[in-house]
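The following pair of complexes shares a single chain, chain A, combined with chain B in the former and chain C in the latter.
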Partner chain A sequence: MVDQKKLRDEAKKIITREDVKYLVGWEKGTYGFQMTPLFVTSSDDVERLVFNPLCIHNLAVFPMLEEKLPLRKGAHEDTRKIGVVVKGCDSRAIVQIIQEKGLEKENLILIGVPCNGVIDPKKINKRFFHQTKTDDIEEDDKNFIIKTDGKTHKIPKDELIMDKCKTCEFPNPVIYDIFVGEKIKTSSKPDYKEINSFEKKKLDEKWSYWESQFEKCIRCYACRDVCPLCYCKECMVDQLNPQWVRRSVNVSENAAWNIMRAFHLAGRCIGCGECERVCPAGIPLTKLNKKLEKDVLELFEYKPGIKAEDKPLLSIFKPDDPEEFIL
Partner chain B sequence: MDELIITKNKLKDVINKIKLDYTIFAPTNVDNIILYRQINDFSEISLDFCNSKVPPKSILFKQTETMFKFKPGVKAKIESIDIPNSKNVIFGIRPCDAKSLSILDNVFKDDYIDPYFVTKRENTVLIGLSCTQPDVNCFCTSLDGNPAGADDVDVLLTDIGDKYFIEINSKKGSELVKTMKDIFSNATTDDKKKKQEVEKKSKDNITRNMKTENIASKLDKIFEHDFWKNISLKCLGCGICTFQCPTCHCFDMQDETTLKDGARVRVWDTCMNPEYTIHASGHNPRPARMNRTRNRVYHKFNYYPKNYNVIACVGCGRCVNDCPVNIDIIDVINQAREVKT
Partner chain C sequence: MLKNDFEPNIVAFLCNWCSYAGADLAGTSRIEYPPNVKIIRVMCSGRVNPMFVVNALQQGADGVLIGGCHPGDCHYVQGNYFARRRIAVLKKLLEYLGIDERRVRMTWVSAAEGKKFADVIKEVTEDVRKLGPMQQIRRTNTW
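Moving on, here comes the complex of A and B:
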């Protein structure tokens, strides 16, 4: 567990600096087990800051959502730094964006926190139906200790944790300025069991599976908007001339959207799983991303978002790169 | 209002009877989410649910509606498309969603009568199902709603144990029920008492509360307040809140063409998307997410009440449940009331 006081103390030091615009962390949400992004703009906000296993959001998206609106006459752009609290996966998104020159490290201040895995909202909400408030949540090695309505529930982590966290290789942030908490030791290796067994299915079986998934898509683009790595100035799906994907919502256009997005993230997706978490239609988007992650690893021995100094996959070339798949 | 009962095991007979004359849309379980789908058999229906992910407005106001087709070129040919006039039943619609359709009538039957919505609306019978297990973010009672209210449906079913209590609320409803007289029997005062108990229990289970009194005039005073900037800092700008809203009704028109033919389609649009307001010149009168988040709140709680005398929110809680960053409309409105002017 991260000491909340230490986290707040560090946040206070950061936010009182003159060269910092705001710091994004988490605070308690409005109901049940919700946490919500908190924009700390002054030391008054610091007391609301928390970090616990319910802090699921990848906050790396917020520096990318900064709006650059036309300035009024005589006004200057606010170039102060942005602070972000990052878990392991979130920090990989930051690294990936830095590699792609979407962000510059000197414009960021990162508070790193260790993470043993976050709680899947779907799993916990199923267990605690109609939970309006929670009092506290803690964790030990194997269990979450959840206090609600004066009762204490001890639940094994395996039952509540996000599936993607079960095989996490990066429980500690790969980039940070300040680290709060204790580093976690891990020996997890990438796990592609599910992908391997899915690959063995027949083509028409796979296609009908994805058709039934994409058919549910309502094209709200929450998958794109929550993704720190979906930061194109103009998304291909918003372009009108040429119009790559039609606005009609049907299996064909929905498949085009979801598959194109997955490919645009090939060698870039760091597997935070936010797209799947927010999808109101429950489309298993991680499965798509993970397949590409596996291919990239097997073909190029490459993992995105590890070192800020490295180059992104698609901008490097090695003479011995495999090319059998090129038609 | 006529009051009848039916034992639960006979519900199947009702569906079988209705299906002879009507197309039935009902809640179905698709991969653990509830969606209204056209059904052919009673077994496809799932009645164990709080509410559907996508509201049943999508049956009457489709996400994608082809309005006409055309062939390009000098001798462009336009091929009109008939609006389907089949008779529909929406089975198992919740009272909040039924109310949303009454709210939508205001726009679609205003100066211009929208033939697509209105034709389907007139040809559709709503068989409602009372809410017995409101979800954590249900707040219909804050907006004069009733989880077991029959006001906006033609027929309302309420689960009272081993049978359903049936209220008939319109001519459409009584005509439908008339054809199935043998399946129903008259309700006793005991049945009615049970229904009232279910209704009370359901209302008591609604724990969240939005204070809506005089909200339109309060919002008039705080349009320029920094409050809007603060609440929308975390907004991602996705379309979940609008697409899942049973009263949101904005659409975009698109001509979708291939080299040989084309079609004009109407698709759902969302005011959360910058493109919604961008002008041909490139200027956008709602340039920031703050403007767009504020607009969504104002449309529901200020402009709509001013135009039609009703708040365009039914308290279904979908936007609260599914907002990726917990922008909570209940909280936003309650906080807006406290903003000092």
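Moving on, here comes the complex of A and C:
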């Protein structure tokens, strides 16, 4: 558990510096078990800053979302730094963006926090149906202690945390300037059991599964907008000339969109699972992303988002890359 | 339609410097190969965006062939190496979604290999003929 006071102290130190524009963290949401991103712009805001297992958002998306307007004549670019509070997976996204030269490390201040797994909103909302208030949430080694309406609930962690957190390899951030809390030891290995068993199915079965999933897609592009690594200035689906993916919502176009979204994240996706969380149609997008993660590991022994000095997967090659498939 | 009557549509993205010249050699040497292949010339196999492949499959192709120079012979030194990585990942992804990976093929054909080009086209055409028409992500509306 992260000491909230210490986190706030560190945030206060950062935000009072002159070379810092703002800091992104989490605050308590308006109702229920919701947290919401908080932009700390002055030291007054710091008191609202929290970190607990409900802080699910990947804040690495915000430095990339920031709109950079064209400069007026004589005006200087705002080169002040941006602070971000990062969990393990968020920090990997940041590393990946730095690798691709989307951001520079010098322009960021990262507060690292250890994370034992975040609570899946779907799972907790099922348990506390129509819940509007939370008082407190704490965690010990195996349980979450949720105090609400004067009652204390003790719920095992396995029942509430996101599936991706169960096999998390990086509970501690891989890159940070300030670390708050205690480091977590882990020996988890990535688990590709589900992917392997799905791969063994027949082609027809696979397609009928994905067809039923892609049929649901309404192409709201929420998966793209929330993804810290989807930061192209113009996305290929927004292009009109050539128009790669047509506007009509049907299985063909939806499949094309989902194939390309997954492919563009090949060797880049760090598995934060935000796309699946925000999907209003409930398409299991991590199942696609994880498959590519596994392939990339098997084919090229590459794991994204670990070292900022590495080169991105598809911009490098080895002369002896696998080529059994070539005629 | 019976499967035997099915004539596959193959779209081939051939690189300007090797495979396209190889196809040209096959033509000038009067080597026969199936007429199912529609050739699109690209400057390098590294130019082939996976979106080209997906779009071709959407718009009527039953199979896609990507032809490049042999490793080390690329006119742009390393374009075909990048293409190889990309297509390797794309094939795995398509297989996972339930689209037979044999619909997307890659080959190295040099400018001197007219015979090899004809053989490759024959092989790909026969493979795709066996697989039947592409149905999964075929575009049905016309606008």
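Keep this in mind: the second predicted complex is superposed on the first by the 319 of 327 C-alpha atoms of A that agree within 3 Å, B and C clash if a C-alpha of one lies under 4 Å from a C-alpha of the other, contacts with A are read in each partner's own complex, and residues count from 1 in each chain.
Going forward, a residue touches a chain if its C-beta (ideal position, glycine included) is under 8 Å from a C-beta of that chain, and two chains touch if they have at least 3 such contacts.
Remember, predicted model here, so these are calculated numbers, not experimental data.
Peer 1: Of the two partner chains, chain B (first) and chain C (second), which one does A:I178 touch, if any: first, second, both, or neither?
Peer 2: Neither partner.
Peer 1: Would you check which partner chain A:V278 touches, where first means chain B only, second means chain C only, and both and neither mean what they say?
Peer 2: The answer is first: A:V278 touches chain B but not chain C.
Peer 1: Could you tell me if A:V20 is touching chain B, chain C, both of them or neither one (first, second, both, neither)?
Peer 2: A:V20: touches no partner chain.
Peer 1: Please indicate which partner A:I155 is in contact with in the superposed arrangement: first for chain B, second for chain C, both, or neither.
Peer 2: Touch partners of A:I155: none, neither chain B nor chain C.
Peer 1: Go through the superposed model and pick first if A:Q34 touches only chain B, second if only chain C, both, or neither.
Peer 2: first
Peer 1: Mind working out whether A:I218 is in touch with chain B, chain C, both or neither, as first, second, both or neither?
Peer 2: Only chain B; A:I218 stays clear of chain C.
Peer 1: So in the superposed three-chain picture, is A:S248 touching just chain B, just chain C, both, or none of them (first/second/both/neither)?
Peer 2: Both: A:S248 reaches chain B and chain C.
Peer 1: Go through the superposed model and pick first if A:M64 touches only chain B, second if only chain C, both, or neither.
Peer 2: neither
Peer 1: Could you give the residue numbers on chain A that contact chain B in one complex and chain C in the other?
Peer 2: 246, 248, 250
Peer 1: Taking the touch rule as given, give the residues of chain B at its contact with chain A in the complex, in rising order.
Peer 2: 30-33, 35, 53-54, 63-64, 133-137, 205, 207-208, 230, 233-234, 236-240, 242-244, 252, 254, 256, 265, 267-268, 270, 273, 275, 287-289, 320, 322, 324-326, 328, 330-331
Peer 1: Tell me, which parts of chain A touch chain C in their complex?
Peer 2: Residue list for chain A touching chain C: 198-199, 203-211, 236, 244, 246, 248, 250-253, 255-256, 259-260, 262-263, 266-267, 288, 291-292, 295-296, 299-300, 313-315, 317, 319, 321-323, 325-327.
Peer 1: Over in the complex, which chain A residues touch chain B? Could you list them?
Peer 2: Per the touch definition, chain A meets chain B at residues 29-32, 34-37, 39, 57, 61-62, 65, 67, 69-70, 129-132, 212-213, 216, 218-222, 224-226, 238, 243, 246-250, 274, 277-278, 280-282.
Peer 1: Can you tell me which positions in chain C touch chain A when the two form their complex?
Peer 2: Within the complex, chain C contacts chain A at residues 50-51, 54-55, 58, 71-72, 78, 81-82, 84-101, 105-108, 120, 123-124, 136-141, 143.
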